[in-house]
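Shared chain: subunit A. Partners: subunit B in the first complex, subunit C in the second.
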Partner chain A sequence: MVDTKTASGQPERLQLLRVLGPAHIWALGVGIVLVGEYMGWNFAVGKGGMIAGLIACWVAGLLYTCVAMIDSEVTSTVAAAGGQYAQAKHIVGPLMAFNVGLFLVMAYTMLEAANAITIGFLLDTVAGMQGHSGLHQQPFIVLCVMFLAWLNYRGVLATLTFNLVITAIAFMAIIALFLSVQFGVSSVPLDFSAVTTDPMPYGWIGILASLHFGLWYYLGIEGTCQAAEEVRSPARSLPYGTMAGIMTLLIAATMTWYVCSGLIPWEYLGQAGTPLFDAARVTGNRGLMVLLFIGTMFSTLASANGCINDASRAWFSMGRDRYLPIWFGAVHPVYRTPYRSIIFLVPIALIFALGAPLDQVVTFSILSGLLGYTFMTFNMVMFRKKWPLDTIKRGYVHPMHPLPTIVLLILCATAYVAVFLGYGTQLIAMVSFYIIASLWFHFRRYRFVRRGDQFTMPWPRPEGY
Partner chain B sequence: MAYKPPKQSFAGQIFDVITLLVLTVGALYLPLYLGLAGAAKTPAPIANPTWEALGQNATEQQQWAALGVTDPAAANDIITARFDYSFSWMALVVMAILVIGYFVLVVRLSDKEYRDVIAERFGVKKR
Partner chain C sequence: MDIWTILEYAAWALSALFALLMLSDMVRIDTTYDNDLLTSSREGEIEAAAERHTL
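Take a look at the complex of A and B:
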């Protein structure tokens, strides 16, 4: 950050440095999301079969392409840290911003819990392969969450830089597995017979239901806009970086589906905790097993680390704006990190990591993401209505409006039905949670919020207000 | 005149923190803990399972073996487990009303708050 002075000699508010380009944006998005290839996506196969898993992968890719298009326009204009939270404050209002902040916190905290569960499960699996079955996973889960929280507490720059390196290794591991299998390294051949003998075990409803976990392939790509204030040229970097990230993930997701579906019986794949590592086990190649073990560890650690970073900053921002007790808005005097927010979210992540099954935790994360994507649809419409194209300068104008918004809304509605099929209780629990939290905010918390401070962009008065 | 929010006491902040914790754990974790969450795949194991009876061809049997499952009985539950997608239309309608109602509630209450924000930022609009 830099500290500048005004002409009158008064220090201005600290600004974030604009140092990031499109490649950083790409790395930021892919870094958080890549873990979706290593675990979780395969529950889509469990909900609908092999074909359903692939269709879910591509339909979810279309949903996220719409998300990226819409988000790029709003973010390149509301170039403020906090991403969708800042957008909601300026376009819809404080309560919506509070909800969007909660969406971000819950999506990332549950993803962090899912990552910790996966690490415990992976270590248990590897210990079992070495003849030490019955490993207690809990200490490793606690250790993982506490260690990463401590890293975030101490400062984040080196950790996030390290994140980029280990994410690249995890991405290369997927490509290495794909190429190795293609060139005949596996001792067991690829088998796609289930595509013809049992293509749709649940029929068309299974295809619909599988969209639920198809979102997991890409969940979190919208986090690229969290860095809007630190990008050199938001108009260029945000759309290019985000769209390149989506394309990368689409390719990686398709390769992952191909290798896993060919090497693992779909019934096993549909409930596996670490599908890519399991695919490497089936090849019988020790080098690939070690590589995919490292890839799974790295991708989960990188993702969990990014999640703690993003969730704590969203919580911190809400504290600073008094949407939450201002106690959370404190910055550590030495490390300059939102340490109280980091610490507060640790027990929540641990409760779910230690006490809930992986698919349930993943579902909570997906649901929070899904609510956020639904918000983007009417947020986009309101943005264009309150500030038509000729009233403010936009960094990027997405084409074919309102088609992407309509497609996104339809796909979101479909995804709600997909979650409802099999996980309806969680859907009701989650929406009830947000309703109660919203009432709590509006009727109790909002009186502590400074009204005028909620609009900081140099825009004209919104039309209709 | 700009709105001046009251200063919240330390005890009030602690109360709000505890409220949020109880809300999060109560609404999301308790249904799981009490076993009220659905999402269960129900196994329908067959008697005297063999790989053939479980619909696994020779390559798939190799794959199971590589995953450490050599006894078809051990794979019986995994292979035969299925989701139950039967649902009531009423439950689907209730879910739709809940989600739509939630967004309508948030947007309407937000709009009320947003008008305060705009009035303070840009001044009260003259008619």
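Take a look at the complex of A and C:
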């Protein structure tokens, strides 16, 4: 065994490496999400028409702006791996923390599986265009998960630098498509006549139902705070990266809706598998087609890559606090990554990627995300109440409290109704799963938690305690 | 055998390679280093060293 004492005789401690900057945080947040612009959001158009797609884009944008503001304030103070899990542990309590940790792991692992499925689908489409029918998608799905897991295993700096490059290319591809269409490259003109001739084909219920898929535009931006323990200056970088990320996504989402809705009839757009790529095909420009295909592939890879990073940090944090076996709380002595957590989550992602339909996997991811956003509302209220602004230093203070919290809660409730309309069984199954997991944690697992050790922030005693 | 069939086999082979690289390294690390060292990370220590939450 290797010597584990430092020169001063103190036991050596392995920590995650602080090597990331604001750009990596941006790449993590936008990288996870941008795939939602390339596919998925357009089902909102199918649910309620062209106008519904735009309303879902902006209402979901408002929801996630609230999420980003709240998250930036809390995480600039609770700068620990695990993100919202660590926040819940310090502000609400252990049972909430356990649930939030599970929400995070489920949301990101399911999204990773969905991305791997999408990679297989995209390659199958390309093979079909080249005359090869019946491509086996499984090896490409497995390779996607294995390669990205290996990259994550080898170190966070390379992982998120890779994400930065491919996310930037995918974002620039959307900008290039928008500008090209604006400057007349497209052989088909933009047509928004459906806005006036058929504004709400399914009425207000269609608008409500569209919100479910509107979440796709931004789902995962809250993942930025999982890097809190690996960023050089968390109080500065996390709010910068997160707020820059949500601004990027609001721009990208609106451009995406504009270009796709203008080029593709809403009846087709509502069912398209790859709407941005399809819009590029409609323009008839080969260069744009290639660019948007690369953008689609890169955004999908970036999302899966960020999801592995975030799910493993949440799982690692829970292991470190003994909410799960401590074995998961190990740090690699050379690469300084949570290597056991990364490897453990690989087969789970593969089971869902190879064995479950895409829409079910995505819905489970969205539901877990929604549960997490709901937690943020009362977490924020408790945080400001227990530690008012003049008691602890914050890297970012979000304005107009409690208005963003109230707006977020109302929008979350609306989104639950929207999801229930299409996937009520899954919503009930998911909530039942978390109730059973909570009972297991309360009665069987919490006895192993070292109760004093888990509260680590050097904060003053909360107000009223 | 066309290019896509070859790519399928290549994807399987690369997947196995990445899995092997990770698993062999994990076994090597777990047998080389003491488990107490590997699980010695502490959340508060990093935070306390980086910044103090006082005004």
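In this text, the second predicted complex is superposed on the first by the 416 of 465 C-alpha atoms of A that agree within 3 Å, B and C clash if a C-alpha of one lies under 4 Å from a C-alpha of the other, contacts with A are read in each partner's own complex, and residues count from 1 in each chain.
The rule we apply is simple: contacts are C-beta pairs under 8 Å (C-beta built on N, C-alpha and C of every residue); 3 or more make two chains touch, one makes a residue touch a chain.
Because the structure is a prediction, the values reported are computed rather than measured.
Asks: Tell me which partner A:I326 touches in the superposition: subunit B (first), subunit C (second), both or neither.
Replies: A:I326 sits against subunit B and subunit C alike.
Asks: Once chain A of both complexes is superposed, is A:T77 in touch with subunit B (first), subunit C (second), both, or neither?
Replies: second
Asks: After lining up the shared chain so the two structures overlap, which partner does A:F420 touch, if you call subunit B first and subunit C second: first, second, both or neither?
Replies: It touches subunit B, and subunit C stays clear.
Asks: Just to be sure I read the superposition right, which of the two partners does A:D278 touch: subunit B = first, subunit C = second, or both, or neither?
Replies: first
Asks: Going by the touch definition up top, name the partner, subunit B or subunit C, that contacts more of subunit A.
Replies: Touched residues of subunit A are more numerous for B.
Asks: I'd like to know which partner A:S317 touches here: subunit B for first, subunit C for second, both or neither.
Replies: second
Asks: Have a look at where A:I119 lands relative to subunit B and subunit C in the superposition and call it first, second, both or neither.
Replies: It touches nothing on subunit B or subunit C.
Asks: Could you pull out which residues of subunit A sit against subunit B in one structure and against subunit C in the other?
Replies: Residues common to the subunit A contacts of subunit C and of subunit B are 326-327, listed in rising order.
Asks: Using the touch rule from the top, collect the residues of subunit B that touch subunit A in their complex.
Replies: My answer: residues 2-3, 5-6, 8, 10, 12-14, 16-17, 19-21, 23-25, 27-29, 31-33, 36-39, 41, 55-57, 59-60, 62-64, 66-69, 75, 78-79, 81-85, 87, 91-92, 95-96, 98-99, 102-103, 105-107, 109-122, 125.
Asks: Within the complex, which stretch of subunit C touches subunit A?
Replies: The contact residues of subunit C facing subunit A are 2-4, 7-9, 11-12, 14-15, 18-19, 21-23, 25-26, 29, 32-48, 50-55.
Asks: Going by the contact rule set out above, which residues of subunit A touch subunit B in the complex?
Replies: Interface residues on the subunit A side: 46-47, 92-97, 99, 128-129, 187-189, 191, 193-194, 197-198, 201-202, 205-206, 209, 263-265, 267-268, 271, 278, 281-284, 322, 324-327, 344, 347-348, 351-352, 355-357, 359-360, 363-364, 374-375, 378, 416-417, 420-438, 440, 442, 444-452, 454-455, 461-462, 465.
Asks: Mind pulling up the subunit A residues that touch subunit C in the complex?
Replies: 1-2, 4, 11-16, 18, 77, 79-82, 86, 127, 130, 132, 135-136, 139-140, 142-143, 146-147, 149-150, 153, 229, 234-235, 317, 320-321, 326-327, 329-334, 339-340, 342-343, 346, 390-393, 456-460
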